[in-house]
Amino acid sequence: MNLELGRKKIKWVEKYMKVVNYLRDMYINEKPFNGVKVAMSIHLEAKTAYLATILKQLGADVAITGSNPLTTQPEVAEALKEYGIHVYAEKTLDEDIYWKNMDKVLEFNPNIIIDDGADLGIRLIEKFPEKIENLWGICEETTTGVKRYKALYNDGKLSVPLIAINDSYMKYLFDNRYGTGQSTWDGIIRSTNITVTGKNVVVGGYGWCGRGIAMRAKGLGANVIITEIDPIKANEAIMDGFRVMKMNEACKIGDIFVTATGDIDIITEKQFLNMKDGVILANSGHFDVEVKVADLEKIKVEKKEVRPGVEEYVLPNGKSVFLLGKGRLVNLTNADGHPIEIMDLSFALQLEGAKYIMENYKNMDISIKPIPYDIDKKVASIKLKTIGIEIDTLSEDQKNYLNSWK
Amino acid sequence: MNLELGRKKIKWVEKYMKVVNYLRDMYINEKPFNGVKVAMSIHLEAKTAYLATILKQLGADVAITGSNPLTTQPEVAEALKEYGIHVYAEKTLDEDIYWKNMDKVLEFNPNIIIDDGADLGIRLIEKFPEKIENLWGICEETTTGVKRYKALYNDGKLSVPLIAINDSYMKYLFDNRYGTGQSTWDGIIRSTNITVTGKNVVVGGYGWCGRGIAMRAKGLGANVIITEIDPIKANEAIMDGFRVMKMNEACKIGDIFVTATGDIDIITEKQFLNMKDGVILANSGHFDVEVKVADLEKIKVEKKEVRPGVEEYVLPNGKSVFLLGKGRLVNLTNADGHPIEIMDLSFALQLEGAKYIMENYKNMDISIKPIPYDIDKKVASIKLKTIGIEIDTLSEDQKNYLNSWK
Amino acid sequence: MNLELGRKKIKWVEKYMKVVNYLRDMYINEKPFNGVKVAMSIHLEAKTAYLATILKQLGADVAITGSNPLTTQPEVAEALKEYGIHVYAEKTLDEDIYWKNMDKVLEFNPNIIIDDGADLGIRLIEKFPEKIENLWGICEETTTGVKRYKALYNDGKLSVPLIAINDSYMKYLFDNRYGTGQSTWDGIIRSTNITVTGKNVVVGGYGWCGRGIAMRAKGLGANVIITEIDPIKANEAIMDGFRVMKMNEACKIGDIFVTATGDIDIITEKQFLNMKDGVILANSGHFDVEVKVADLEKIKVEKKEVRPGVEEYVLPNGKSVFLLGKGRLVNLTNADGHPIEIMDLSFALQLEGAKYIMENYKNMDISIKPIPYDIDKKVASIKLKTIGIEIDTLSEDQKNYLNSWK
Amino acid sequence: MNLELGRKKIKWVEKYMKVVNYLRDMYINEKPFNGVKVAMSIHLEAKTAYLATILKQLGADVAITGSNPLTTQPEVAEALKEYGIHVYAEKTLDEDIYWKNMDKVLEFNPNIIIDDGADLGIRLIEKFPEKIENLWGICEETTTGVKRYKALYNDGKLSVPLIAINDSYMKYLFDNRYGTGQSTWDGIIRSTNITVTGKNVVVGGYGWCGRGIAMRAKGLGANVIITEIDPIKANEAIMDGFRVMKMNEACKIGDIFVTATGDIDIITEKQFLNMKDGVILANSGHFDVEVKVADLEKIKVEKKEVRPGVEEYVLPNGKSVFLLGKGRLVNLTNADGHPIEIMDLSFALQLEGAKYIMENYKNMDISIKPIPYDIDKKVASIKLKTIGIEIDTLSEDQKNYLNSWK
């Protein structure tokens, strides 16, 4: 482990996280989080580490763990301890260790949880109901996490207000689309050194993540094929110039496959067996259930690592497929996650979300809502300021016209 | 007027309106609109005419007028009469004639109004309150119309249920984006014969219409500049690779200007005077208030038609600007409106919306809602069928996973 | 015929032909073409008409005819006579009239020929050898014309120097690619009012014209398929993100077909019979031989005009295909040809080419060459000036470095 | 050093270098290079290593060194020795070591040189004239190398035939454009983890490399600015939708700068001082002279490595700029070089070029020419075969038409 590299990575993030820095400078004198305990479960790399340091600077007591077995960067975790953050995170496939680290963070009795995938919040609610009393609210980062909390809510088990950061405009329009788009291809290209240009790229799912992945594949010169289960999104994909077909057909044509649906079993046994020799399999959805790794393990004749982060599965038909990052989030396992400026937006929302909960939790419903629209717009306006862009404002006449039916 | 051309245009539409035809074939035996009076106010050209003939075939008694002074195509209006439709529509700038035609349609005592911009429905409610009794509901096509009806509703004056076709997915994701995008450039290119490639194109507004216009300008090789008042949309425009600035700056750089905001005064006097010589001005918003024609009229030294649909305004500084279609919807005044297959989707929604009102009006709230989501998806599925595209469906396991928080 | 419209169209061109105007202003005092007879065979519409007026202004005596049976715009031809140009051009499919007009222009004993497709120059050389004596040289505009002149040269029959305007950078990189790209889609869209977005577009040929057509189809949201006979170009098309296949396969998938190869028989009988119902057929190559109209005529069950410029061929299998502009250059038959600013570049080269021949013909070889590179660059530099763009220049150090091998 | 990783990387390349493998399988029985000595100077990483192993398999005796101080991957160099190749290559900035390794390769008395940048061939000709006798010819890979050999030729010093691989279609249309385009952004993104999306990207030079870099930047959502010294290319860049300006202007706006001109002094002192704080500087040209590092070194107040491959230069005005890979080829210093399939094409040409020299050197002129066109097409055809694409062929009628002027 290279502690110096961990330190450098965190310092580097500071240079490009201008919206978070802007908020930090606004709040630094009042230290609004004084005495507040914040628990974070998040892919622990330099950008998330930096958010933890900012919360700390603004007065919070912060404990942090990972949100996915393979996405913790050890050198960053180590460097983060130097900032006075309580760090319990390891890069490991050992599930016991993963959950033990979660529990250590929960021992901390958090007032606010910043969650990424819903593991931490659900763990608290399910396993440690006595800690709910201290918990004011949760901010959840991801599509998958929001989906899980909604299921929990529908089961009547959600007992604190939840801000769905993911459903806020400055999150899903940017992070899911432009962030996933760029970083997914970063992960694939740097692990394989193959061309995207001229390849048949199959993208499973045309949600915000899927369309980011497809848009960038097209921008890199690929011929893109979309699979969907929603007929409206399927029509959009066609209108965006892509081919749409069932995975049963796409599996025969694709050179590179990327899944981003939030659901299980997007590519399974029969489809693996119909693929061309040498195809690349990657996942950008939250869990490693989209490319069905269990099926690959079941049918494989042989398996070996052929480049860092690339495993060859030799199939009974003699062909090989190459799985990246064990089917986990390829942009985190095989690259450095979303670009800094994208996370800057999401983390500005997290910071504001945590602050909003702290200031309002007594009056908030037990519900799942995006961040209030005014805060969303505030973050957008600060972003424009940090890059020197000025936009028009409505005149009184224009406002009146918009409110009139004459 | 060329009646034969009008007939041909309506026949031509039939070939490409496959979703509407699919619905027609489904319903033709039951003739569900038997005895129902439908009033339409709509840009009267071949596609809208074809929708009228379908309603007629399905049993309705149909009266139709225009929805904009210059967008009626006389040869189509004439040909439509041969189908047994009551047609009261003229291409004229005479406002009296425009409203007299409206009133003739209202004399008809409609049960259902299909509106485009809200002129017909608001006219009935304001001027002929006695007719509200017969009216079951309204389907409104446009962003502008929905905005006006919402203002009316907020004033407590809306007295029937309204289906906001515009706010339905298969409408705004397609018509506003891909339809406006293609047809706006059709109108500009065919009227001017100038290159879009390599030009600075300024698009006022980055809503669904604006982004369609911007996307196609980029696709034609332009360098696109966006003006916005919403910081979230401004950030999206930047992330899509466009420059964003105030109109006061953009006006100095642009070669071609297109507005699509739904508001007034997007380009005004001071900005006209800062433009380069020879710029093109076009509007794709519903009303002719975005490029402020009144200001051009006020400051002009000279004005003349230089090509059909293109007027030169010579300004006091000696420079000229060229206004297309008198600042009205350029895709309708200077071209044939949205492409057929796009209107096919919108009109499938109109047809289903009218049918839904007819079957449910007794139980509907006085409210403004998009078409029920299931109908939206039904239209999407039929579209896929008509072009031979099959998509995946969720397995039981996949459905269960989506509903679980474990 | 609308003479006033013809006048307006020519005037309009003047506003956007800034490179030609720049050259006119440079030369207007010396009137370099005084006493020189220039014969032009060219698609006679407003832009070509404008070039003729410039040559006239610079002193030349100009006679002009068409270069394709259907591409003469009568109102422009008529208006052009008012400028003192000798005009012999009609819009007609009668070949006798076409060639009689050619011969009238040749009676004029030209010193310089500006040709578009090689009809005029080859006619003079073949039919009127006695006129070769007066002829100093030829400027040829098109890929097809240059190809024909090269065949003539290889047969030992070319007897004057020829400047292949088409092979000059500021021509083929711009006119063939950006000009054909935009104007082909203008012609198709305005004649049909159908979407390009979401369609399968098959482009026959991936030369400069074909890639312009493909690039714009992609920019309009189509899914593009390329057919080629050259494996290098086929590889480029794939790398540009397109599908490549044989026409025998593409014919089954395409919704819109456009040919631009310069060769015959790109789409023929068997392929027509394998097409989907309702496809659109268009050609952007010089002659009407690429979409094999003779085969359509042979196998058709019925034929009728369904919109201006659109003919339906009902095939024996009951399906229809729609042929645009009788298979002739769709951007000229169904639209106004290339955009003005594109032709501005080509015509600046024509003007300079004619001037170069006039000044140098005594010392020129009998050969086929592009315009001298310095003139090509001069035109490029003037274009940049007219749009206010400044670029870098090489320092002495930079020049030395480029010439060194150290 | 990780020898196992070096082995894996070479094995991995084999899977995607299908054209080279196709040629290997064609020639493996005859072993055409038996007894031939081939010397290579080339960026020594897995792909170039693989080419060396193929030459060896086909009978050649191969000695190899690097072609750039920082682009040798030590683990690959080590692994390559196991194949029986003579490897003299180190990753070092020590120029003495660089040239000593060159000389060791030349001691080998090569018959054929495969060069990348012209260092090896020029070294032999200048320093070891006695070895020219044994040398049959040179294959040069790059734009820069060909430019240097042309200068040498113009000085009358080239004494063997040279095949300019770089000037062959299947090289420069693919490697320079699609290869440089993808791998440059790979290098920038993986070293910095910043967004390209929404950034102002300045590309110095719009040759084949520059347009690849610009095209991919656009595809990643950037707003691209081009600087050029050639007015024709400047016009192309504008028509491709980019802004064009002088570097003196661009330096104030850019967020990321990439040079690819083949010349010196593209960005220099005054321009560094006009940049925004935090900009990224990268070079994709062959030598580290485009971003003028000497000026940075001269004016810097402080310098430190902030991430692997990223150095911060603090300028006297207090702002920082970040230089990637010391201003050397960013795709090689900060990533793995061009994608495998791209190098597959270039190396198929190298293989064929070496074979052509071996078979024809006695009859070849001392000249610099691209590979014979038929071989270029052969490589293109094999590429299509390996990806299962079939294309059309000309009929006799079509061939005759192309050769006729009638």
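Observations on the structure shown:
By letter and in written order, the chains are A, B, C and D; residue numbering begins at 1 in each of them.
One rule holds for everything that comes next: a residue touches a chain if its C-beta (ideal position, glycine included) is under 8 Å from a C-beta of that chain, and two chains touch if they have at least 3 such contacts.
Molecules present, by chain and UniProt name: A, B, C, D = Adenosylhomocysteinase.
Only a predicted model underlies this, so the values are computations on that prediction, with no experimental measurement involved.
C-beta contact counts were set side by side for A-C and A-B; A-B has more. Relative to chain D (Adenosylhomocysteinase), the chain whose mean Cα position lies farthest away is B. Per-chain CA centroids place chain A (Adenosylhomocysteinase) at a distance of 52 Å from chain C (Adenosylhomocysteinase).
With centres set at the average Cα position, the gap from chain A (Adenosylhomocysteinase) to chain B (Adenosylhomocysteinase) is 38 Å. Within chain A (Adenosylhomocysteinase), contacts with two or more other chains are made by residues 178, 197-198, 218, 221, 238-239.
On chain D (Adenosylhomocysteinase), the positions that touch chain C (Adenosylhomocysteinase) within their shared complex are 118, 122, 147-152, 154-155, 157, 169-170, 173-174, 177-178, 227-232, 234-236, 238-239, 244-247, 262-265, 289, 376-377, 380-381, 383-384, 387, 389-395, 397-398, 401-405.
On the chain C (Adenosylhomocysteinase) side of its complex with chain B (Adenosylhomocysteinase), the touching residues are 5, 8-9, 11-12, 15-16, 46-47, 178-179, 181-182, 186, 189-190, 192-198, 216, 218-221, 278, 305-308, 310, 320, 335-337, 339-342.
On the side of chain A (Adenosylhomocysteinase), the complex with chain C (Adenosylhomocysteinase) involves touching residues 197-198, 218, 221-223, 238-243.
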